[in-house]
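In the two assemblies presented below, chain A is common to both, partnered first by chain B and then by chain C.
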Partner chain A sequence: MQGLIQQVLNALQLGSVYALIALGYTMVYGIITLINFAHGDIFMVSTYVAFFVGTAVISRALHLPGIVVFILTMLATMFATALLAVLIERFAYKPLRQAPRVSAVITALGVGLFLENFTLATIGPDPRFLPKFFPVVTFTWSGVAFSNIQIIIIAVSAVVMLLLDTIVRRTMVGMAMRAVSWDKFTAPLMGVPVDRIISITFALGASIAAIGGMLFGMVYTIDPYMGIRIGWWAFISAVVGGIGNIRGAMLGGFILGFVEIFTPVILPASTYRDFVAFSLLLVLLVFRPYGILGRPVAQKV
Partner chain B sequence: MNALRAFWNRVRLFYESWPPLLRRLFVPALLVLFFILALVLPQAGVLNLYQQQVLIYVGINIILAASLNLVNGYMGEFSVGHAGFMAVGAYVASILTVWAFPRWGLGEYIPYLFPVALLLGGAAAGLTGLVVAFPSFRTRGDYLAIVTLAWNMIVKSVLENIDAIGGPRGFMGMQKLTTVAWVYVWVVVTIYLLRNLVYSNYGRGILSIREDEIASSLVSVDTRKVKITTFVVASFFAGIAGGLFAHIIQFINPRSFSILKSTDVLVMVYLGGIGSLGGSILGATVYTVLLELLRPLQVWRWVVGPLLLVLLMIFRPRGIMGMREWRFLVPREERSQAIASIKEHIRRKREAAAPVPVGGSSD
Partner chain C sequence: MPLLRIRGLTHFFGGLRAVHDFNLDQEPGELIGIIGPNGAGKTTVFNLITGVYRPTEGEIFFNGHNLVGKRPDQIVSLGIARTFQTIRLFKNLSVLDNVRIAHFARTRYEVPAAMFRMPNYLREEAEVRERALELLDLMGLADQAEWVASSLPYGLQRRLEIARALACEPRLLLLDEPAAGMNPGEIAELMELIRWIRQQFDLTIILIEHQMRVVMGICERIKVLDFGETIAEGTPAEIQSNPRVIEAYLGEEAI
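Presenting the complex of A and B:
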């Protein structure tokens, strides 16, 4: 029983990171129906930004409390990542908005590969650790061990998701985003600045991925190709939940977190996790292509 | 550029002035000549091992690009998992030549049985093409792209988990059976068969699915059958390419067939131009040779491919050839029609671009 709760905690920790990244995929798809394959690599870049900013801040020896360094690094990382995403949107995707959809998807694949290989060429392939913002404290509560890092990850993710849900449902920007996603031809007639809203969506998605990247880097090592695996898993999360649907992405993230943690429990080895995750995706796409929470779209003739 | 075009026109006029029989035999004669060259040059030591290897890679990539073009260019679907089919072909062909043939007492005939191994590898890959073909009945576009991608990942994951064939460590022991001549033969066969498919009645069905699936089903194109055929044929040739690939590098592991490989093939297809076999030949050749020329750049050369892809999509999404075709790849009876339709297209474009005279027509 303790083992099970332990695993559930691990799954929640991993699932919240997947959910945070999946949000970026789903928001961009929702607004311009583009599968932004570069998103996983934007996440990867964000962990490197966090690495450099965090190291720089800590090495200044300002003796700031850990929480301040953590928040400072997070803000800087969010800003830099958002800037990167907006630049990518402006220079790679925007010229293709009138082009066939496939062109934009291929461009996204290309941008992702570019980010990976560029990072590889400039920073190198060695895995790195994020600096420690907090001393790791492990609590044990009736046989279940959990660390303060784990609590921070789950709590921060929960807050971010609630915040995003509020932004999308309750603010003017959110309303504009929903309007563009609903009908991108009528929205500008109603005075919605479509280009700016698309940029905001990219920035929002990327900064959420940056939060995910920082949380991820506190537990695991980072390397230039991490964006592929994590990115794909987050992408599956978005599709499983119903791509374009924000709550679906959150749900999908946690489902994929559970799949990853519980695959080695049920199957002989953890190497089967990709097989399980992608088979799940394949089966789902055949029987319910619009995901768990998504709505089917009728094809107009 | 104009001088080049004038020169080309003169060459063409000269060619047109030949007697019909000579013209008819020209392309086959050229193909035979190249075959003899492919056979003789490596033997005579004119090409060193590295040059041979580059030529072989070019050939393999042409097969990959042309077969992917069938799905992405001619049928208008978006497949991102071509390396998955390649992997199936590579592993099946390798297992045949390394384990099965020696065990069946055919060890000494392996060089002669190589095409059989390739064909069986291709057939296995073609069968797995059904995995992608069936979901394509219900899903299109983005979602089908995800299906093909998931398929690529599943193949890789399954190969990593079968310990008998090396798992993540890979599989080795293949003889170096792939030669320039073999690759050349397979390239010619692939292009010839794909050309015949594309210009057949069946091929019209493939094109009509690209233009409008619902409309084509209304004019009694059996879209399901056409989709199955297209995916199976494309994966068959990917499997052949995989078998050839395995028997030149003599070591395969699941990572060789990741999504990166699929993206490479995508770059070739879109660089050359969709819906054009000549484009695929050109795209595969240019991309492969370019990456070899960029070898001194080391890691940076991997930055060039993606960058090229992005710039291509923004500035020339049609690729080099873009829906045009080399003349000799168009069947004889199509040529005059095809040329007429292109001329008509150009004429309409000019008319649309020309300013409308004010105050009615002058005549």
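Presenting the complex of A and C:
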């Protein structure tokens, strides 16, 4: 029983990170029907931003409490990552907005490869650790061990997801995003600046991925290839939940978190986890191609 | 000085000349009708005024601003709003949100203010909500405010399109076949509504319409287009007796 609860906690922790990244895929798809394959690598870059900013802040200001350094680093990482995503959209995707979708998708793959190799060439392939923002404290509660880091990851992710859900459902910006996603012809004729809304969507998606990147880096090592591995899992999360659907991406993230943690528990080896994840994707695509929370879309004529 | 001044407006789609040498001087408060057979270029004129297309040639001045080259959302902010021939509501949003969205151009707060629920965000959102509800009330849609737009009956969807355009706070309102698909009772109500909003919101209006009863009943001046050319212009009485108009509508044989 303790072992099960332990694994559930681990799955929630990993699932939060997948969910945070999946949100970026789903938001961009929702607004311009583009699968932004560079998103996983944007996430990877964010972990390096967190690495450098965190290291710089800690080395300059040892007297700051850990929580302040953590928040400062997170804000700077969110800002830098959002800027990167907005620039990518502006210079790589926007010129292709009228082009066939496949051109933009291939461009996205190219941008991802560029980010990956650029990081590899400038920083190198060695795995790194993010600086420690807090001392790790482990609690044991009726046989279940959990750390303060784990609690922070799950709590921060939950707050971010709630905030995003509120923004999209209740604020003018969220409404504008839904309007642009519904009808790009009419939205500007009601005074909604489509280009700005698309930029905001990329910025939001990337800054949420940056939060995910920082949380991820507090537990695991970071390297230039992580964007592919984690990115694919997050992408599957978005598709499983129903791409274009924000709550779907959150749900999908947690499902994939559970798949990853529980596969080695049930099957003989952890190497089966990709097999299970992709099988889940394939089965779902056959029976419910629009995902768990997605709705079938009638082709607009 | 006219509110809207159009000179030599011409637009090509590839080799097809959709509009040719369209001119218009519209005084503030005037209600002008544009009629013509299908494919005459009427909606294209609206698309050119609202910045959907950039004209091949010609000038459009609104309230002293040159509209050519401006983005649609900038043109909306200058005070021009429109409805559509086929209803183009945001059918995934509620009735209220369809009206709220039209306030977007005039809200000032940025995303971080929304994330942290800053006072300026809360105040602006509350103001917009109140004004949107007020407008829905005036337009007789208050009871359906929380409905999803797609669940409204057809007549009310048309009405919501007009409400949404009014929420943009226009000086010039472009109505594209608002009576399409309506029965005679609804058409009478619509004419009454157009007269009333014109007074209430101090509007200048251009109306594209096929229902002669509507055009002849409420427009002061009518322009007739055929294959992109302006073939006639005048008061309803003048238009009804113009032989070129009768020819365009009924074909040469009928004369």
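Rule of thumb we're sticking to: the second predicted complex is superposed on the first by the 297 of 301 C-alpha atoms of A that agree within 3 Å, B and C clash if a C-alpha of one lies under 4 Å from a C-alpha of the other, contacts with A are read in each partner's own complex, and residues count from 1 in each chain.
The criterion applied here is as follows: contacts are C-beta pairs under 8 Å (C-beta built on N, C-alpha and C of every residue); 3 or more make two chains touch, one makes a residue touch a chain.
Treat the numbers as computed from the prediction; the structure is a model and nothing was measured.
> Determine, for the superposed arrangement built on chain A, whether chain B and chain C clash or fit.
Fit: chain B and chain C sit side by side once superposed on chain A.
> When the two structures are overlaid on chain A, which partner does A:P289 contact: first (chain B), second (chain C), both, or neither?
first
> Please work out whether A:L163 is in contact with chain B alone, chain C alone, both, or neither, and reply first, second, both or neither.
second
> Using the superposition on chain A described above, determine whether A:R178 touches chain B (first), chain C (second), both, or neither.
second
> With both complexes superposed on chain A, which partner does A:I35 reach: first (chain B), second (chain C), both or neither?
first
> So, A:R101: does it touch chain B (first), chain C (second), both, or neither?
After superposing on A, A:R101 lies in contact with chain B but is clear of chain C.
> Does the superposition put A:I151 against chain B (first), chain C (second), both, or neither?
After superposition on chain A, A:I151 lies in contact with neither partner.
> Would you please give the vertex angle at the Cα centre of chain A, with arms pointing to the Cα centres of chain B and chain C, as a multiple of 10°?
90
> In Å, how small is the closest CA gap from chain B to chain C once the two complexes are overlaid?
Minimum over all C-alpha pairs: 6 Å.
> Do chain B and chain C land on any of the same chain A residues, and which?
On chain A, no residue contacts both chain B in one structure and chain C in the other.
> Given the complex with chain A, which residues does chain C contribute to the contact?
50-52, 71-73, 76-77, 81-82, 84, 88, 90-93, 97, 100-107, 111, 114-115, 121, 124-125, 128, 164, 168
> Mind pulling up the chain A residues that touch chain B in the complex?
Contact set of chain A toward chain B: 33, 35, 92, 95-96, 99-107, 109-114, 117-118, 120-121, 228, 232, 236, 239, 269, 271-272, 274-275, 278-279, 281-282, 285-286, 289, 299, 301.
> Would you pull the chain A residues touching chain C in the complex into a rising list?
Listed in rising order, the residues are 163, 167, 170-173, 175-176, 178-179, 182-183, 185-194, 200, 203-204.
> Which of the residues in chain B come into contact with chain A in the complex?
72, 78, 80, 131, 134-135, 138-139, 141-143, 145-147, 150-151, 153-154, 156-158, 160-161, 168, 214, 259-260, 263, 266-267, 270, 299-300, 302-303, 305-307, 309-310, 313-314, 317
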